[in-house]
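In this document, chain identifiers A, B, C and D correspond to the written order of the chains, with residue numbering beginning at 1 in each.
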Amino acid sequence: MGNSIGELFRITSFGESHGRCVGVIVDGCPAGLALQEEDIQKEVDKRKPGFAGTTNRLERDRVEIYSGVLNGYTTGAPICLILKNENINSSDYENNRMKPRPGHADYTAFMKYGGFNDYKGGGRFSGRITAGFVMAGAIAKLILNTINVEILAHTIQIGELIAKKQGIDAIRNNVDKNHIRCADLDSARKMVALIEEVQNVGDSIGGVIEGIAVNLPVGLGEPVFDTLEGDLSKAIFAIPAVKGVEFGSGMISATRKGSENNDCFRIENKRVVTRTNNSGGILGGMSNGMPLELRVAIKPTASISQKQQTVDMDSLEEVELSIKGRHDSCIVPRVVVVVEAMMAIVLCDFAIRAGLLRRILK
Amino acid sequence: MGNSIGELFRITSFGESHGRCVGVIVDGCPAGLALQEEDIQKEVDKRKPGFAGTTNRLERDRVEIYSGVLNGYTTGAPICLILKNENINSSDYENNRMKPRPGHADYTAFMKYGGFNDYKGGGRFSGRITAGFVMAGAIAKLILNTINVEILAHTIQIGELIAKKQGIDAIRNNVDKNHIRCADLDSARKMVALIEEVQNVGDSIGGVIEGIAVNLPVGLGEPVFDTLEGDLSKAIFAIPAVKGVEFGSGMISATRKGSENNDCFRIENKRVVTRTNNSGGILGGMSNGMPLELRVAIKPTASISQKQQTVDMDSLEEVELSIKGRHDSCIVPRVVVVVEAMMAIVLCDFAIRAGLLRRILK
Amino acid sequence: MGNSIGELFRITSFGESHGRCVGVIVDGCPAGLALQEEDIQKEVDKRKPGFAGTTNRLERDRVEIYSGVLNGYTTGAPICLILKNENINSSDYENNRMKPRPGHADYTAFMKYGGFNDYKGGGRFSGRITAGFVMAGAIAKLILNTINVEILAHTIQIGELIAKKQGIDAIRNNVDKNHIRCADLDSARKMVALIEEVQNVGDSIGGVIEGIAVNLPVGLGEPVFDTLEGDLSKAIFAIPAVKGVEFGSGMISATRKGSENNDCFRIENKRVVTRTNNSGGILGGMSNGMPLELRVAIKPTASISQKQQTVDMDSLEEVELSIKGRHDSCIVPRVVVVVEAMMAIVLCDFAIRAGLLRRILK
Amino acid sequence: MGNSIGELFRITSFGESHGRCVGVIVDGCPAGLALQEEDIQKEVDKRKPGFAGTTNRLERDRVEIYSGVLNGYTTGAPICLILKNENINSSDYENNRMKPRPGHADYTAFMKYGGFNDYKGGGRFSGRITAGFVMAGAIAKLILNTINVEILAHTIQIGELIAKKQGIDAIRNNVDKNHIRCADLDSARKMVALIEEVQNVGDSIGGVIEGIAVNLPVGLGEPVFDTLEGDLSKAIFAIPAVKGVEFGSGMISATRKGSENNDCFRIENKRVVTRTNNSGGILGGMSNGMPLELRVAIKPTASISQKQQTVDMDSLEEVELSIKGRHDSCIVPRVVVVVEAMMAIVLCDFAIRAGLLRRILK
């Protein structure tokens, strides 16, 4: 259980890393949205490994629509999207099956599912599962476009390297210009170098992604429990390797005084806006019309080729493990589009719950 | 909508800060749990304002059980718990009704509910609403006790003051010894001084709370969406003023290498454990048997007595606002028990979903 | 668990027959609806025992609004409604606690909740619980009024006595004119006589209620699972004593040919309508614009004063039981308003899901 | 929306009659269940058209498992099951697209989805969608088998022809012996003749199916809203053509006296049982340990070849319609296995909610 998320725009994830496919069902997409496999493919391609630091697994993923679309338009029925798995080699997983990788879900999955879990390639706990999230997110983005909401995410930190803060336009323009998906092109170059350095010693490194949503109407979110922060963080923590989520001034707000942190209101073009945006565009769990801003901490990839200590779950003896196979030494750039997807899915659900994207009733 | 949380242990929040009451319904509590009003009162009292830095509103809250308990035992029926509101003065709210307080939900609530929202004392967006969470959390803690799970939270930072790390025993013993609910008694004293200082200039200050759950069985959590991190963060973001939630090494993991951050497995008393606990006791969204550890950033209280810039929502003119009335200059100590409550509610739900606390069927 | 129903208009039931109160939380009521305790009281009064055949328990129920309403208007927050229990005598229940009443939930509740269930007056399984449904239904009806949807229910059968079919106007006008809530006034008189006859021999009798919703927009319902029939029947089966629910031609449709049962389409005032209404206003689980029509079979009240065979759950011996206390010999007339309430609750939820009653977002 | 059902055992339906496939996701199946495509195929084959009265569409359906199963055992991950559509001819649907078939969902679907719905073969509103339910039901049955619960359904009425009541053994043995799936073999022959007669004049006919579940533990069901009757009826009304659902003495109970209808308790082999089973095995919405019995009224198939009156949705003129193509003149026999499937799905969910089929946690 637990493979669905959303109230009125609900996605259901299925599939495994080394199984037949990875897929997603999107239920609640309004009828009449123009939708082609290419629209979704474009987003999926952003998750592709693209440079030295990422896995050299060839993902020639082709999005296939199995249901819910007729003659290029959504029908109002559930949309089933599938990516078939190809180019799979599970031999390393067979050999190390009883030796859980440190930092990975091998041990907990084995215990929870009594050893019946699909362990190949991490099964349900592989980053590849997020390709399904990206497919659903592609649809959510198209829906949000119809009310002019735009979602942007970008890499702002790799290890200790922190990118210079960029404006919305720079982010929009630069993020596709480098494999790191960092809008500060200068930092991007240094980040690539850092990742290569780490990779050369069989290690991995973490980073931070910032996600932004602009043009949100005021009042999205359904307090007290279904808040913007609550539902966004829940969706984002479904991405493997996420260890923290913060909004606006985030963890730093803990060090501040109210007089520093409060965003004073003012009038701009007859609209109420705030002078600063420490709230990250959210007050009382609801959008306040300012850009929604969040940051996501990604831990270093657990699968490293350096030798590590683990245990043999059969013999309960301590053993050494060295992981072979294809692994990213920095997953951050590939997670950027996944953060966008999760944001789009949650915001689309809230927009529909608010009655902004009503179905047709005459 | 959005006032319920949980799958099999579900709580529904209701009531307003200056209305008739604050309350909660707990549905899914197993039958046969010994439960008295005193058990709940004890937890609610931990939320009481206790020292200079907190509001001097007299909360003589008396927990009343309205349903679901017979002769001192839960019946399996929904439990309705109510705290009547007393000692209310809403005059300041009347005067400033159209002047939204910076950093507060006044503006978004006005917009979302078309001006019909209860604005007195912040209505549904007051910290007082969390007294209902605490009542539900008291029941969740009692249920978790039956499987030996213990929940502990404590203040670890106020402003820039960071407490020294303490062991579980020190936390358990010290947290009730000071109003700051900080286990490092030395830091606690400094924190009190800092809060008084801030209060004297009509300002407020934020902080960080750490929450810990010990003795969790392996495998709680329902990936890929209903993860421990996901459901815990969603529940915790329902607490007003929370701006960030992180698990284990959290935001810091972004700066690390895999070889530093991975928790190697080893054997201890024939059980699989990890050498370090950077994962915060969670792998793949499921408990791994190590202590679950999270940290919550609390922003400085929005209501400060210093003059602030805001707008008049009628005239759309910029105006000055100075807030009177009773307000905490640091809410952190009072939120500690709320963090415990949210953790208990979520973990109780997962334990029941895992079939650990089954209802009686013969 | 299981005490909430609805997606966007969600009600949560709580309270017991002989406990402190019976109550309901309504979450999802749009802000800005004019609402007074009297509006709800009026509906609750329709459930009152009114004549010879119904219990002589004096229900001086006073509806109290505990939350969600300010200055006579709903605020968008959850609405808590409470009826305090008065005039309770549980002695008969104490004496017969281990002797389950045939046809009642005593046995199954005892087994499910391990004997901890509140057995007094039937606890959660008393018809009195439906007073909470009626309170929620009162709000749903007011919401539906804003889009001109009207809900009507009436008694059409008691035992073998079947009322003559009446038009909508006759139903609307006559149903309040007699305690049986039967629109055919002639049959109503005979029904009263029949119920008295049955009561005189310590027995009880069943009946049938018809529920109608007029002016529904086309397309309410969310197939394939959240159909009008599915959600309506689920809600109605929550009423104790309901044993069957049918729509349009219902069970009789099983005996028919397609050429008899199909409702041909035609044009009336430039709108598509059907010549007949065997579908009961529902096609493919969605409203078709014709009156929604359903029928509900109510079994005879289980609590009769005649001697019955039962068992002693302690000794596992067969024993005789004779039930004292106040019981209806025909519950049908009192259930009429409950059927209306359940219909209103479900249809209100579907209308909100369809975006017809959107919250305010500017 | 509305394409998922269930709390802990949740199925999500997708696919269209003349689209690429019909499918289902099953989330919440415990890990470790032996499962092959053949196990599911066997159930799907029972839905196949088998004799003169049913469509001659060749359904060479091959069940394919897309996820959730490894080496012949379920993994605890969501199971995706797909039946590809073959042998499709949609020409008749193209021609009559704007002429809604009486008794069918064409009109309401067109209105709800603004004309974007997949109209070919009825799209989402085709009986073929229930093949997905049957696949999910096959898994639910296997799970229920592990606690010895057995589900049986059979045809008990076609038109006015009512089969003689049969015992459980006769039903189990006879239902596969004839295409009508009627346990009274004599009536079965007459039913075939009746269906052929109706078919010869281009008409269709309805019928009644009885569903039985034996060996249920006492206490399944989660009142007050998630009752056995409520959840079973909701699930069963998702089957196209169902117009009524009743339990135990059902609609007839309306005519009865309490002294006739109450099921007295007695002791049998030290267990509490009832002398009669008018309750259909359900008291207070929970199983009482007796066989659960329900009956489902199926209306005559809407698609008949006789000329019918309808309208043209473009011109809003009244027109004649004659439906060509492959259609069942009696759908009842093919629905029998679907009723079993829906019962299994709901009961499996309740069994898991009751903690009877817990996941593995060590």
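FYI, a contact is a pair of C-beta atoms (placed from the backbone, for glycine too) under 8 Å apart; a residue touches a chain by one contact, two chains touch by 3 or more.
Small disclaimer: the values here were computed from a predicted structure and weren't measured.
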Message: Please report the minimal path length, in steps, between subunit B and subunit D on the chain touch graph.
response: 1
- prompt: Shared interface numbers for subunit A and subunit B above half of all numbers used, same, or below, different?
  reply: same
- request: State the superposition rotation angle between the two copies subunit C and subunit D, fitting on C-alpha atoms only and giving a multiple of 5 degrees from 0 to 180.
  value: 180
Statement: So the chain most remote from subunit A by C-alpha centre is C
Query: Approximately how many whole Å separate the CA-defined centres of subunit A and subunit B?
result: 26
Message: Counting only Cα atoms for the centres, state how far subunit A is from subunit C in Å.
response: 46
Query: In angstrom, rounded to a whole number, how far apart do the mean CA points of subunit B and subunit C lie?
result: 39
Message: For subunit C, give me the residues that contact two or more of the other chains.
response: 1-4, 8, 13, 111-112, 124, 218-219, 353, 359-362
Task: Quick one: which bits of subunit B touch subunit C in the complex? Just the residue numbers, please.
output: 1-4, 8-10, 12-16, 19-21, 23, 25, 27-28, 31-32, 65-68, 70, 73-80, 82, 111-114, 116-118, 120, 123-124, 359-362
Complex contacts: residues of subunit B adjacent to subunit D: 7-8, 217-220, 352-362
Task: Report the residues of subunit D in contact with subunit C in the complex, numbered from low to high.
output: 1-5, 13, 100, 102-105, 107-109, 111-112, 124-125, 129, 157, 159-160, 198, 203-208, 218-219, 221-227, 229-231, 233-235, 237-238, 240, 242-267, 270, 272, 274-275, 278-280, 283-288, 297-304, 306, 308-311, 313, 316-318, 353
